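Take a look at these structures.
The two complexes that follow have subunit A in common; it is paired with subunit B in the first and with subunit C in the second.
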Partner chain A sequence: MFADAKRIRRNKTLDKIFRYLFLGMAVLSASFIVIIVLFIFLKGIAPFLPGYEYGQVDLISFLTGSVYRQDQATYGVGFIVINTLICSFLALLLSFPLSVLTALFIAKIAPKKLGAAMQSVIELLASVPSVVFGIFASGVITAIVRYLASMMGISTFGGSSLLAVIILLAIMIFPTLTSMSITAIKAVDPDLESASLALGATKTQTNFKVVLTAAKSGIFAGAILGLGRAFGEATAVSMVAGNKLFGPTIDLFDITRTLTSTILTGLKETTGLDYDIRFSVGLVLIAVIFVSNWILNQVKKRIGNQV
Partner chain B sequence: MKKIFTLLVAVVMMITLTACQGTGGTTTEGTEGGTTSSTINVYTRDASSGTREAFEDAIGLGEDLTDAASEVSSNGDMATRVGQDPNGIGYVSLTTDFEANNVKPLSFEGVEASNETVLDGSYLMQRPFKYMTRASGDFESDDKEQLVAAFIAYITESTEGLTVVSEAGGIVDMTNARPWSEIAAEYPVLNNDNSGITIRTGGSTSVEKVVEAALQAFQPLAGNVQYAMSQSGSGDAQPRTLGDEKDGPNAVDIGFTSREFKDDEDVSGAMVQGEMCKDAVVIIVEANNAKTDITASEAYDIFSGAKTTFDAE
Partner chain C sequence: MSRKFKDGILNGLTYISSIIGVLILGSIMVYLIVTGASSINWHLLSSDYYVETANAAVNEDYVYEAPGAYSGEGYYSKKWGVAFEDIVTAHKDEEIQVTYVDPNSPFNHMYSTVAGDDNAAISLTVGNTMQNIYYIDSATGEQVYLSQGSMESAENLVSVLDEAESIVSVNFQSLGGGIRGSIVSTLYLILISLLISLPIGIGAAIYLHEYAAKTKINSLIRQGIDTLTGVPSIIYGLMGVTVLFPVTQAFGATSTSILLGGLTLAIILLPTIISSTEEALIVVPQSLRDGSLSLGATKSQTIFKVVLPCAINGILTGVLLGIGRVIGESAALVYTTSTVINDNPTILSQGTSLALMIWSIMSGEQPNYELASAISLIILIIVFVINLVVKLIGKRLAKSFQ
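Up next, the complex of A and B:
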């Protein structure tokens, strides 16, 4: 009896210790976000404050500007924000139908073994490092774009173009979108399908009208995640973007500039204002991601509620 | 769901339309006798690049670079892109492998770029990498002074040191080079364990690659001497070795510039000063481009956007 009580007490203290340990871990990891955002914020806001050591930058012209040139000390990111949005949303548009149909095939139509094999291929694609995608893009995608452009008689910067960025990003967000869609489709209640089939709907009608409708909330969550990756991708994008000095770019065969490629290009060699302003660009990127995620989440709620 | 879909379709159609409009302006101007004349695509390095600085100084571009230029991230990136673009023009350092990248170096003002034409001064798109040390007796210790002197002798006189500099991209004259073993005998300090001594370098950022390669090679030859590089710009070289910052927190032992010393930079007090090597920039076009030579004024016109097509030559 006595030994039992002792053991229970010991287990209780152990539980307590572990509870605080886990709490500590959670606080630590959460505080990283706060520290990072705070650091970027403090560094990024500095050039706009009076008394900045390299000469104060005008916030309004920074946010709305359509020229970004270090040599003239003209920093305007307005057009870069638009470019980033164009690249990411067009990539999503290209990738979305492909991913959803692939997911539908893997989850519902393909034989079990084939489906499992294809799913692992897609998961493998998700783990390819972005620099490898970048090399692929600057070797293969730019060649395709060059060929397309020469067929249409358009002169390009060696294939580096908005189109190349869109294709690259579409490929990069494809695995995220597909995996999320597969999960969402697999989670659809089989009773719903049986009911649909029993009512006389064909397999195809059921897949499109019942399964996809029931899974749309999860699929949309995948789209949000994919868009996040498209916004944040730096290495691969800067390898094919071409970094235009002004904008915005809407011509598919013209070069472009995204927020991430702006931060990355020449970062290692630069100092002074040109270095500090990259934190401001990072701040703008964080803001763009927050805002678009918030909007998409509102849309997702709307879609999720309709049946 | 349907509404959103319609909206998306509308957006896509709008973008496609505007894209068509945009491309209309840049279509090629037609072919004549098999040669296509199209708009020149100007490539440039990002503004922090030393090669860009040397190039823009040589043609007097200032801040007049055309907005239509594409920024690339490195020397190799530049060569790759111009090599893939029949209408491209860019500039790289002389050490670039032109053939492997399918690019053709243009002669500048009628002079072809090579080690010989750079060294005799006839090829004009070049700049010197120069060095200055602290004044004799102004080093932290005698040993350090000896080590700095030995290092300068290594990179300017020894066959081994000049080879290292040349491999890192500098253009050097090897005719008077002597074997290192001969020079090393003059500096007994090299035989000590020097791991407690740190040589500090400063000045131009463009020299960083060359100087770091040289210091790395020098380290095992000099009793494992340590080094610290804080390259911040040519303008800091003189103040931090001999001028008013020489006793401050940023003081260095050797300062480098990627240009000639200016009149207000007094280097007469330095223990040694002189030229480490030369750096040359070459304008490149795609290998099949008919162009072979370019003048400074033509380069200015192309890179400022005033001239947008290659002449038929």
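Up next, the complex of A and C:
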């Protein structure tokens, strides 16, 4: 009897230890987001504080500046933020209709086997690493851009251009948008469709007017996710952006510079202002993603309420 | 316009956009195969990236018998027991490559004349390329210098060598352009990141699914983990070099290192591991837990002996997805492992993973598309296979408790 009681007590202690161990792991996992934001904030804000060892940078001229030159130690990210927004939104504009139509095809229109095959294509596309997209972009997309430019009599910087970045990003967010749209379309209540069909609408009318309308909240969520991916995409974009020194870039055939390409390219030394300022750019990137997510989620709430 | 016509157009649009999707994937594959497939061979996988030059003198004391016959490829010098052929390297240089060295050949018994090598023994090996040779001419008895240019071709080189009285010294290079170092680095990264993120991720998933009541704190924890998914990988890189670098310093790292990259990747993998483990936990029927608990097992015993074994497929999915992510990751590693390609990486040294090696050779002065595409193809094959296996596991998982 005594031995039993002892064993039970030991098991209970063990149970408690494991409970706290698991809790600790969950808290640790969740705390990384705080650590990321906190430390990048601390490191990114340092160059703007008085007493910064490589010479204090003016925060206002950093945020509003339209020139970013490492060689002259002039760092302004205002135009880079605008460039990033232009690239990402135009990519979304290009990719959105294609992916919604593809999602509709897979979920509703295609014969079952063709739909499954198409879904596999989307999944494969989603699993392609960004650096591979980068090679494709600098090998193929730039060639297409060069061809387009030469037809219009414009010269480009070897094809690296805003247009190349937009096409690349549109391709990269296509699988994200499509798979989110598929989920949203499949979640639509079949009763709605039956009702539409019973009222005499054709299958296609139902798909385009009823199903897409009912799924728009989910599709919009996909768009937000895709946009976040476009903002944060680094390696592939850096390969074709061209890193312009001033801006903003609105000419499709001119080179551009995004927040991520600024962080990634020209990295040589691991000390000094040029290195530290990249963390400030990273902080700006976090802010851009956060703010745009917040705004779009507000928009999404409004759209969702209208159904 | 008739309804039928309109419907046809709308349906046609969905077909067209799907075809565009297929075309994109197809053109990526075709481009990579056309550019890179011919570079994939055993040499690429097994050799170093950097070209190494060796200067070697033939051992004067070495007495050799004229080596035997040779029936392999290339032009064979019967006198010296060595065969050459003409090749074009990955860097588009024309070179004369060694295809065979007889064990008795004097080229197999040389010593290094590079300062600092202390005359270490060295031999010409298959795959080396010939740069220049000093030999004693049999007619004049004088030492002759044969530069790479005057070798002309493998055939010519063999005929010149057959005329020589003796070989004085040789300068040769390894071929380079291989990815062995990066493969090793990638394996290190996979190992380190999984070793750390697996226990933490599984533990967190267990807490979230088996213990967590619906309290505010728990939903905050869940939200924190979910937010990690949306963080761009380049931000992880910036975090890694600020937060985790001191951790690696404790292990003796003096610069950015593969260990630092692995730690950073471990955090990137956490949400993946957690969500795939949790998905598997959800599928495990509650009745199994109830049964175990009512038989007197404690909660932790139930978790370790009943729930986790049932969730093993989900954990495996997490591991596979994690491997895929590590292999494809590049932005987070630029800041944490550095972009210096390393032929002999250790855990505490710098080095590039396969994906980062692509970034490294593409962002140089002269991007090498052939090599980059070849590595990409290798990465894609691995990632696609992983995808396929994950899909199969998913199908089994869906069936397992029906």
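In this text, the second predicted complex is superposed on the first by the 282 of 307 C-alpha atoms of A that agree within 3 Å, B and C clash if a C-alpha of one lies under 4 Å from a C-alpha of the other, contacts with A are read in each partner's own complex, and residues count from 1 in each chain.
Going forward, contacts are C-beta pairs under 8 Å (C-beta built on N, C-alpha and C of every residue); 3 or more make two chains touch, one makes a residue touch a chain.
Note that the coordinates shown come from a computational prediction; the quantities given were computed from them, not determined experimentally.
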| item | value |
| --- | --- |
| Superposition on subunit A - do subunit B and subunit C clash or fit | clash |
| Touch count on subunit A, higher of subunit B and subunit C | C |
| Partner chain(s) touched by A:202 [first = subunit B, second = subunit C, both, neither] | second |
| Contacts of A:180 with subunit B and subunit C, given as first, second, both or neither | neither |
| Partner chain in contact with A:270 - subunit B first, subunit C second, else both or neither | both |
| Partner chain(s) touched by A:166 [first = subunit B, second = subunit C, both, neither] | neither |
| First (subunit B), second (subunit C), both or neither touched by A:158 | first |
| Touching partner for A:252 - first (subunit B), second (subunit C), both, neither | first |
| Which superposed partner A:69 touches (first subunit B, second subunit C, both, neither) | first |
| Touched partner set for A:85, first subunit B, second subunit C, both or neither | neither |
| Contacts on subunit A seen with subunit B and repeated with subunit C across the two complexes | 138, 238-239, 264-265, 270 |
| Of all residues in subunit B, those that touch subunit A in their complex | 1, 4, 8, 12, 15, 18-19, 22-23, 26-28, 38-39, 41, 43, 45-50, 56, 63, 65, 67-73, 80-85, 87-88, 205, 232-233 |
| Interface residues, subunit A side, partner subunit B - complex | 67, 69-72, 86, 90, 93, 138, 142, 146, 152-160, 213, 216, 238-239, 242-246, 250-255, 264-266, 269-271, 274, 299, 303, 306 |
| Subunit A-touching residues of subunit C, taken from the complex the two chains share | 3, 6-7, 10-11, 13-18, 20-22, 24-25, 27-28, 31-32, 35, 199-201, 203-204, 206-208, 210-212, 220-225, 227-228, 230-236, 238-239, 241-243, 255-256, 267, 270-271, 274, 298-301, 303, 324, 327-331, 334-335, 339, 355-356, 358-359, 362-363, 367, 369, 372-373, 376, 379-380, 383-384, 386-387, 391 |
| Partner subunit C, residues of subunit A touching it in the complex | 11-12, 14-15, 18-19, 21-36, 39-40, 43, 97-99, 101-102, 104-106, 109-110, 118, 121-125, 127-136, 138-140, 171, 174, 178, 202-205, 207-208, 225, 228-229, 231-235, 238-239, 260, 263-265, 267, 270, 278-279, 282, 285-286, 289, 293 |
